[in-house]
Amino acid sequence: MSARGAPSYSPYSGIEERVMQEDGAGPASRSVLGADSRRQDGRLPEECRPAFLQVGTVSRAAGSAYAEFASTKVLVAVYGPRESRKAAAYSDTSRLTCDVKLAAFATKSRGKYGQGTAERELSDLLHKALVSAVRLDTFPKASVDVFALVLESGGADLAVVVTAASLALADAGIEMLDMVAATSLSLVGGHLLVDPAASEERAQDGNVLVALMPARNEVTQMHLAGAWPDTHAAQAIELCLDGCHKLDGEMRACLREHAATANGS
Amino acid sequence: MLQSSGQGDGPSTSGSEQASSYVGQIVAPGDIVLDLTQAGKLVRIGGGLQQDGTSLVVTKAGRLRHTKPSKYWVEGSQRRYVPAVEDVVVGVVVERYAEHLVIDIGGPVTALLPALAFEGATRRNKPNLNIGDSVYARVTSTSRDTEPTLACHDASGRAAGFGPLAKGYLFQCSTGLARTLLSRPTCAVLEALGGGLSFELAVGMNGKVWVDAASAAITVLVANAIINSEFLSPTQAKIMVKSLLKQVQQP
Amino acid sequence: MSSQGSLRKDGRTFNQLRGMVCDRGLLHRADGSAKWSQDGTSVLVGVYGPKNMPPKREDPEKAVLEVLWKPKSGIQGPEEREAEIILRRTLEAVVLAPLFPRAGISVVVQVIHDDGSLLSCAINAACAALVDAGIPMTGLLASVTIALAKRDDGAGGGAHLQLDPTREEQDGAQATVCLALETTPKAATSNGSVEGEAVVTSTTRGAMAIEEYLEALDRCRMASRTINAFARLSLDKAQRRLELPGT
Amino acid sequence: MDSQLEAEAFKRIYPEEYFQRFLSEGTRPDGRPLGRARSTTIGFGAVSTADGSALVKIGSTTLLAGIKLEVMTPTAEAPDAGKIAATFEMPPLCSPDARPERRLEETSVVVQQVMNAIESAGLVNTKELLISTGKAAWVAYLDIYCLDADGSLLDAALLAAVAAFADLTLPPVRVNPEGHVLPVLSGAQGGNLRENGDASSEVVTVERRKLTLGAMPWAATIGLYKGHLIVDPTAEEEALLESTVTTILDEAGRLISLFKPGGITAVTTALIQDCVELTRHRARELKQILEESSQEDEDEGDESQ
Amino acid sequence: MPGLSAAELSFLEGGIAQDLRNDGRGREDFRSFSIQLDVISQASGSARVRLGATDILASIKAELGSPPAEFPHLGRLELAVEISPTAGPEFEGRGGEELSAELGKALERSFAGGANGTGAAVDLAALSVVEGKTCWVLYADVLVLNADGNILDASAIGIKAALSNTRIPKVEVLAGEGDEEGELELNDDPDECARVSTAAVPLIVTLTKVGRHYIADATGDEEAQMSSALSVAVNEKGQLCGVTKRGSAGIDPSVISDMLSVARRIGKRLLAKVDAEISLAESRLESET
């Protein structure tokens, strides 16, 4: 991703962090919540960003979805079941492959994820979140390919990718046990901020992600990082589960609406 | 009105057609050598020509040849062999299956040799060929959409010299040279070699040549003599063979 | 109006091609090869095939044509990759690929030296190499590059079109046009009036008026005949040499 | 329903005949006349992490172009100019033909032709990207992503690139004596940030500004099929075409590019003139769409302020 | 895992249901383990941990590097796991790569803390040498020599032990003249070296779900029966420092909260045990020299 020739730099990269450090003495006084206990974008700590969901956005894919959570913008397309490219040994089940990429301009400094390690990790986590929901036993030997592109990284990227990918799988008519909704949360200076924005993630002391099959009430993927006081962790997981259930409603509404317009035309 | 054929001569109706004015000239792809509306009823075309509407168009560079009454082809030298029915070829076994062998004859695609296409072969009794073995065979069919097929017997089912080539040395020459080696009367280089040495030789139209002789030295000599002869006149070839023979006969 | 005495740096007139040299059959391992030079620009092309293709890449309808473009030194950049694709699609216009279903034909292009008009030189070289390999084709191609010199060079009128530009002329030009044209074959029949050699490939660089492009096209058409005549002459010579022992 | 299924089956088994039947009636599978391009939209500023961006849709074909600015040291040959570095990506989500392990060959052609058109038209004066002579200049990284590949990618990619440059804003910066470029922060933010060196030693401060764009290039891809000229082909149509001609014109009617990469039919002078004529029409259309979209964009901007 | 018959598997599962595992342990019991310190002389600190038949080698290497761009006042802790091809037949060739990456990420989640370094296993600010220019980078590498289940928990024990054994050379920053940067002088006299505080280093407790129950410290055979697992990092203060769900099956949220509190309980016991083993190993080491 790097251009040939002389190295270049962005004078604005890392500016927020520097301002933050100059602002106060230490992490404790970080101003994530205003006096009215609202966040920078006006949300309450437990409030999710408004989600815009749309399916059927890529014309030549089997299924696709676009998700926009404020400035986090993700496009996912699903191809398959189709012939598996990897000449793997015969298996009774199909393969689910997940590939997440970040556009070069998606992050504050260009091509920050160009090295691919972050993309590989996101791909891996997406696979873990989805694989238990997809009924891979219904089409032997084939592969279902899920491709996601983060157009703008505005925080909680993985949660949005998982949510959009599950919508795209449903749009492709792939058999699933349930939808998968995912919500993440940042721990910032002792506050629990649901569905964090990128600026909140940069200031976080820890974060949690929960991916849930809402109707079956099963967690397909969960991880937590950072040091969490006892009660906080349980509360954070609760908040995420709550977020997943809310999201589930919006996802189902989006699919219903799409089905209605498709039949109408 | 137009009939495609490989090498064979068949019956042809003749008319009072006018032969192409390009006969004997060097032609290049795209050249229109004959107006078919002006030609007779039946025109036979060989390699390097194609019908395009009412014209006969060249697809390969070379010299335009014509035999009476109305057969045309382009004679050029190309290294890559394109199989034609009744060509004799030398090939190498690359895959083995119960019903057939896959043979590399150096063409655009590999050829098939049915396991029973040998003289007197039965399910129980058929020659055992392994991957890497050489075989001398005849092309029995070519079609755009299937692999060419081979056989190790002539049209009446007799071996006629075809079959596995044990031991020996296999080398590649141009298809032009292979044609010279197969031509009648016997070409100068083979005649000269045959006069002084005894060896076995199988030449394929595909440019693969197999030689076997009592000693490795003679095998190598024959192979070198053949390769060297490509751009020599008959007289030059005879002199070249003579000097080579001297070298081996000296000690 | 006149371009009297306004010769180019290398002494050519504006409408003059550089000296061409074409050697065929240089590569013994290849099924066909040709080295084509236009003075300082020189390209060597080897053709392999029709040959077996791995089943994954074969096409059941026709031979797959692949082009590998090797720059003079170093590794392929985006420009070379683009040239590779343009060259491949250009050759597809004349190669009779449907005659060899499932097979492959590789064209390997080695740039020896680039002194301008490189793509044209490569197209001419590839075409000669395909002929040398005996690959069936519907006809021959001729490629010409032409440069539109900047007007402030003082050359008036139509004199600012420089045929077969050197690298220096090319870099200093307001625009360049590279065309690959069908050639008029020898014909036993006259197919009525021909509109002029049709354009198989066109790439341009820089801005120009439509009329300038059309004029460039006419000039290239004229030049393509010279190239075609030369290609046939060189083919004749090569063919005679091959036939020497027989005659 | 049955007849629809039948039509679908016919299309899959005999795509050529299916296509020809439409053409013989002067129309196309999607109902367009041969000479009409698909409806086209431009969305400016689609990505806030980019310094300039645009989302372009031509029918289903969707491209997102983003420009990010970084500072470089100008080259010795051009000490007073910045540069543009472009990439074109076809991630595997855009088409069933794009697979992660394999790069589609279109990508190399599109990026080269987009850059060629931008340079040939003189859209961007790279001297405007200068911050401080010999010391610092902007390099504009133009990354174009194909989000839905449904034909005529070059047309859409060029439109997205032009629109992204129209959307581009150069941020305010200052340069310290060592030639290092520093951000200029607004109001409260800036006040608290420790200054690197005192203010008097600064050489230059560059205001936030837009680029003055030169001639805009407009592209139209025209497919050739059995003597028909098919404007703005879809992916389905492209698979059947004999060859394509992409003509790029600027508003003054200058020819910026005439790109015909081989293919199995050759074109005559008359056909080239037809392509140019069709492109003239399309260029007027595209110019209007860009102007209207940017007007809307400004109106929205005014409202939100 | 090959080699276990259906009967063996059901026996194993039945035992777990009755809180009596094949090796006699209850569901929440760890296998006995041993720690050996300072096993690699070139490393800044190292430890070998044997947990049942699982055998790992943890090493810490301190090197001078550059601090993270966004946080110039911090040092860095880099974690990686490598599984030796000899650790088991399934790790031959490139077989171990996927698991290595997964375990590496799980360790990172548990030890690296938040983006700004709060909650990290070691005090990253203490690793800073020259703000924005130079800092210590601690490379913590785990090499798995033999795998018989629960590699992750063993790795965490190994890293904690290796960190307790780590000595970081003293660095003096010599004042530079004018604008010039000061030079660094390293002093690796063992007496002058700094030690790393391991009080905040967490341990990991992986609870593996087999059937309806979950067990601590699963063996290789037991892991083959796993439907899913939860790896929970716990520190001295009883804080959760990282949770990673593994395995593909979903888990009910209420089960997750049960598992978290059980892990915290087991973790507390384990921390005390590991601390005791480390001091034992330290005294052994001292008596040797």
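Residue numbering begins at 1 within each chain, and the chains themselves are lettered A, B, C, D and E in the order written.
In the analysis below, a residue touches a chain if its C-beta (ideal position, glycine included) is under 8 Å from a C-beta of that chain, and two chains touch if they have at least 3 such contacts.
Chain by chain, the UniProt names read as follows: B = Ribosomal RNA-processing protein 40; C = Exosome complex component RRP46; D = Ribosomal RNA-processing protein 43; E = Ribosomal RNA-processing protein 42.
None of the values given here were measured: they were computed from a predicted structure.
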On the document's contact criterion, could you list the chains that touch chain B and likewise touch chain E?
none
In this assembly, which chains make contact with chain A and also with chain B?
none
Of all chains shown, smallest offset between own Cα centre and global Cα centre goes to D
Note, CA centroid farthest from chain C's centroid sits on chain E
Taking each chain's centre as the mean of its CA atoms, which one is most distant from chain D?
B
Report the inter-chain centroid distance for chain D and chain E in whole angstrom, where each centroid is the mean of the CA atoms.
50
Chain A to chain E: how many Å between their CA centres?
28
I'd like to verify one number: the distance from the centre of chain A to the centre of chain C, where each centre is the average of its C-alpha atoms, in whole angstrom.
52
Name the residues of chain E that each touch 2 or more other chains.
none
In graph terms, nodes being chains and edges touches, is this line, ring, star, complete or other?
line
All pairs of touching chains, each written as two labels joined by a dash
A-D, A-E, B-C, C-D
The residues of chain B that touch chain C in their complex are 20-22, 26-35, 48, 50, 54-63, 76-80, 82, 104, 107-110, 144-145, 176, 180, 229-234, 236-237
Given the complex with chain A, which residues does chain D contribute to the contact?
46-50, 53, 60, 62, 64, 66-73, 75, 85, 87, 89, 91-96, 99-101, 139, 141, 143, 145, 147-150, 171, 173, 181-183, 185, 189, 192-194, 235
For a test of understanding, state which residues of chain C touch chain D in their complex under the given definition.
78-79, 81-82, 85-93, 175, 177, 180-182, 195-196, 198-210, 212-214, 217
Okay, in this complex, where on chain A does chain D touch?
1, 3, 5-12, 15, 18-19, 22-23, 57-61, 64, 71, 73, 75-77, 79, 82, 85, 99, 101, 103-108, 110-111, 145, 147-149, 151-154
Could you list, by residue number, the parts of chain C that touch chain B in their complex?
30-32, 49-52, 60, 63, 94, 96, 98-103, 131-140, 183, 185-189, 231-232, 235-236, 239-240, 242-246
